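Right after this note come the structures.
Look for subunit A in each of the two complexes below; its partner is subunit B in the first and subunit C in the second.
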Partner chain A sequence: MRKISLKKIDSLFSAIAENSVLYMPVDTKTGAKFEQWENGKELSDSLNTVRSAKDFFFPQTENLMDFKVEGKKIEVIDSRSETEDFVVFGVRACDVKSFDVLDKVFLAEPQDSYYKNRREHGVIMSLACTKPNETCFCTTFRIDAAEPAGDVVCYKTDDAFYMDAKTEKGKKLLSALEGITEAADDTAVTEQQKLTRERMSKLPLASLKADAFGNGKTKEFFDRPEWKELSESCLGCGTCTFVCPTCQCYDIKDFNTGHGVKRFRCWDSCMYSDFTKMSAGQPRLTQLERFRQRFMHKLVYFPTNNDGMFSCVGCGRCLAKCPIQMNIVKVMKKLGGNSNG
Partner chain B sequence: MQEIKREVLVNKASELLKNGTVDRVFGWKKGEFDYDITPALFTTAEDIENEFVWGDFCGANFSKYLIKETGKSENKVLVFLKPCDTYSFNQLLTEHRFDREKVYAVGVPCNGMLDTGKIKSSAEGISKVTDNGDKVVIETLFDGEITLDRNELLPDRCLNCKSKKHVAYDELLGEDGAVLDSNRFDEVEKLEKMTPDERFAFWQNELSRCIRCNACRDVCPACTCEKCVFDNPNSGVENKAATNEFEEKMFHIIRAFHVAGRCTDCGECSRVCPQHIPLHLLNRKFIKDIDSFYGEYQAGAEVGSRAPIVNYTTEDIEPGDAVRRNENA
Partner chain C sequence: MADIKEPLIPKIGVVTDIRIDTPDVKTFRVVTPDGKKAFDHKPGQCAMLSIPGVGEAMFSITSSPTNTEFMEFSIKKCGCVTEWLHSMEVGQEITIRGPYGRPFPVDTEFAGHDMLFVAGGIGLAPLRSVINYCRHYRDRYGKIDIVYGSRSMQDLVDYKEIIDEWATDAGVEVHLTIDREQPEWDGHVGFVPNYVKELGFSTDKIAVLCGPPIMIKFTLAGLQELGFDKTQVYTTMELRMKCGIGKCGRCNIGAKYVCKDGPVFRFDEIDELPDEY
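Now for the complex of A and B:
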């Protein structure tokens, strides 16, 4: 465990930024947002950024390749530029867990080389939570907000920053910072963790359990009549999917630039009427089916295909942002019965 | 605080269900917290008794839901309408978007609805929100409680409420109010005074946050196309990619043009935007221009009115005069 005084936090950031691009959450008048650090920018104390940290590895829009057509010849051009090393600082436990979920999708064979490239160049410096929000429910998915995963785990106390390397990448980064940090024991951190865990247990959603859902529960939940009432007022917008740290569906399209073709991909949303549209049309004709798809994917299909891992991390962004205030917690409570109350 | 109590609405809904006037009720349903209220369709008096909510977080406008719901049954559906909702209601009737005979509309007075975004930016870990009239007490999980002026927590659409008068209803609960002199064009005037470069920078900054979730379009009572051009793969302009370039601005500007003359200024677009983009300002600019070029016009004030921009008269302003107004100013 290494430590640096809070007063010297800028020297820590500038030391990191010397070797790689450094991103961290900063406050804006419309909420916290990841921005590239430069002198004068202050780390936000917010729990959630409005957009999640998935953007770093799975951006909303990216160009995949270009095609040049000359006569009968088609040239395929890899339009990727080499990704530079970067550090994402201040990622909360829920968002760090979301990378595991995304890894299952993008690093399974055949691996997504665009995603993989970014993952390899990125170092995650997570930040333990101390004051959870009423919308937080990461404990439901067995995530410990007091001790996030990540390459380096950081803890902010009243007077210092504590850092603990958890991976090779993390050790390399911390050893480069040894000149400005000092060795520390974990007394202050343990104390903070105890308080945070106590607070977590008092949250309004602390008793929410996901046990009713998971691997192999498709038949049990698919035809439940409650889907109708739950989806009744859904607007079919993409807010929940776009602020979600684990939603990973995308669309790939070709764009005619006038002098060639650009192939790009962008986030898609199962809430949209043209989602997964095929030659025979859209397989989910009603908003009920589209709504059900999203929650079944998070709570049943994903765990069924990934050794029981849920694809919700309890960050609470959808609770805060849904225009009609419908969300996964309400769905779990309605469908999961009393054990989820 | 709302002047009409929840019980009055609950009793009214139960009475109309029991006497067979309606068989479904649109209402606000309680959530996990004080503020996360969901628009819902109730079918039994029991559900209404247990889950119906009326209070400071009932901002959702049900008018647009009537399009789908009235198509599902021959029976009437009950809808509670706040004054601003009634303008959307009338505008949809003007556009023949639902059958008036299939709706029983009950007007409810409104003292303004609190802005959840403003509450969340003033406190963390919100456990309870109590409205004492002029003051709102926000209790938190770990920081004690704070008391704020109610006005500080109102969204712009309520701070600058255009009307407390219901322009459509079958029955009214409580007293009706009046059309108000609001300051709703003040912000527009500020934008008009900017140089084109400043104005461009303002919108560039605001619209660059857009994530293309389409919540503004999907909630908008004036956006009722069966298939939006932006969702239609055959349109040639369908696009889900959010870019910080020309297209994002085009989406919002095209939408504002499309609803010009039909937008009642209900403010739902800004309420639902997850990125707090002041989208209503685009619409208000059109409303202000229509008012100044053709005389005051409020969409939805009455059923069947023709918006000036779809109604030719020989007194209409010459297009050239509209373009030259800045030179004369």
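Now for the complex of A and C:
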């Protein structure tokens, strides 16, 4: 493990930024947001960013390819380019776990080369939580906020940053920083982890369990009458899907610039009525079906296809952002029975 | 990066022939600009066709894999992309990517069996591929029955091929029907599910259905009345798709994605899925 005094934090950031583009959460008028670091920018103290970190690998909008159209002729222009190396600093345990979920989708054969390229060039410096709040429930999905995954795991104490490399990428990054960091034992980190885990165990959602859901439970939950009541007030605004670190549904759309056609991939949402609408009909007619789809996917379908891995990391963003205060926790409590806290 | 394969980046296809099948169905022949087949496929698989600037949509490949020269797509005019495709002239380039999906088990579960194909309207398009595959490898299958119905005589897709080629094959029996009487029609009149029951097939065969949901529902019920088990009956499904590779997230029925786990399903497999299609 290496450490650096908090007073020298800027020298750490500028050393990282020398070799790679560096992003980190900074405070803005609209909340904490990942921004490219430059001299003078300070790491946000907030627990989490408003938007998740999925943008780094799966941006909200991206240009997939271009077309040149002349008369009856079409030319496909592969506009992909190698991403430059980048470091994302300060990713919380929940968001780091969300990358595993996204990997299951985008790195399954046939692999998505746009996503893979960014994954290969990105280094994750995660940041352990110290003050998880009442919307946090990462423990439900066996995530330890006190010890996130990532290429380099960082811990911020009152006077220092501790850094522990977990992967080859992480080791390479830390060894390049040896000149400004010093070797450290893990006493302070262990102490911090103990406190954080104690705090986690006292949070209101600490006893929420996902055990009732998972692999192969489609029949058990699909026709449950509770979906009606749960979905009744859903506005279908899609906010939950946009702030969600694991929601990855996308649309592909063409835009004619007047000088050619650009094909884009954009985030889409299963909460929207036109998501599944086709000329032959609409399999998800009302908001009940769309609402059910989102939660069944996270709690049942995804685990069925991915060895039990849930497609929720308990970050709590949907709890904070849903305009009608409906969320996955309420769904789990209602459908999962009393044993679910 | 350009040397790394990307499934979403399509190839160019050239439309070399357009056949008008019915007032709203045309069959397009597609090859690569150097005159070859864009890729190999198996019966029941699909391809994404697009017109840059208009959109991309999934279509079943209606030609048989045994056709090594070109691919064909029978397409009904019913939306933005299909309307544009219908306005094309020969020589127009489009984009094509695929093949996608799980095909009909023609070399395994179908092998050695009598086959019953039941189609309604444009539902013949995906079945034409497997029918012609079975006709090509005639000795691998037993008797072939084809029940095909449409709204009117003018709405029967592939009519010429059915009459000139399928109906004249030894061991192939074609049963056509239209919904309502027409002066120039001397064949059967009535809906497909009823006709299947009237024809009263023996149950020692495999049935493959494709058509409007209501036709599928009642034909399946009719076949069950005749004694067919769901494990003997197959269909091919259709839901909205954007990627074709199980990632864009919209064509799932429960945990199954129609684009990669389907579009071909056996009815006992469909029983395992939630009722949302």
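By our rule, the second predicted complex is superposed on the first by the 336 of 341 C-alpha atoms of A that agree within 3 Å, B and C clash if a C-alpha of one lies under 4 Å from a C-alpha of the other, contacts with A are read in each partner's own complex, and residues count from 1 in each chain.
Definition applied: a residue touches a chain if its C-beta (ideal position, glycine included) is under 8 Å from a C-beta of that chain, and two chains touch if they have at least 3 such contacts.
Treat the numbers as computed from the prediction; the structure is a model and nothing was measured.
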Key: subunit A as common anchor, with subunit B and subunit C clashing or fitting   = fit
Ask   = Which of the two partners, first being subunit B and second being subunit C, lies in contact with A:K277: first, second, both, or neither?
value = both
Task = Scan A:S20 for contacts with subunit B and subunit C and give back first, second, both or neither.
result = neither
Task = State whether A:L205 touches subunit B only (first), subunit C only (second), both chains, or neither.
result = first
Query = Which of the two partners, first being subunit B and second being subunit C, lies in contact with A:Y114: first, second, both, or neither?
reply = second
Ask   = Which holds for A:V300: it touches subunit B only (first), subunit C only (second), both, or neither?
value = second
Task = Using the superposition on chain A described above, determine whether A:K73 touches subunit B (first), subunit C (second), both, or neither.
result = second
Ask   = Does subunit B (first) or subunit C (second) touch A:T157, or do both, or does neither?
value = neither
Request  = Using the superposition on chain A described above, determine whether A:S11 touches subunit B (first), subunit C (second), both, or neither.
outcome  = neither
Request  = Angle at the Cα centre of subunit A spanned by the Cα centres of subunit C and subunit B: state it in steps of 10 degrees.
outcome  = 90
Request  = Using the touch definition from the top, say if A:D268 reaches subunit B (first), subunit C (second), both or neither.
outcome  = both
Message = Can you report the least C-alpha distance between subunit B and subunit C in the superposed arrangement, rounded to whole Å?
response = 7
Key: Shared subunit A surface residues [contacts with subunit B and with subunit C]   = 251, 253, 268, 277
Ask   = Given the complex with subunit C, which residues does subunit A contribute to the contact?
value = 64-65, 67, 69, 72-76, 78, 80-82, 105-106, 108, 110, 112-114, 117, 218-219, 222-223, 248-256, 261, 263, 265, 268, 270, 275-281, 283-284, 289, 293, 296-297, 300-301, 304-305
Key: subunit A-facing residues of subunit C, complex   = 1-2, 4-12, 50, 52-56, 78-79, 82, 89, 91-95, 213, 238-240, 242-243, 245-255, 273-274, 276-277
Inquiry  = Please output the residues of subunit A touching subunit B within their complex, sorted ascending.
reply    = 30-31, 47, 50-51, 60-61, 131-135, 199, 202-205, 229, 232-233, 235-239, 241-243, 251, 253, 264, 266-269, 272-274, 277, 319-321, 323-327, 329-330
Remark   = The residues of subunit B that touch subunit A in their complex are 31-33, 35-41, 60, 65, 120-121, 124-127, 141-142, 209, 211-215, 217-219, 227, 231-233, 238, 240-243, 271-272, 274-276
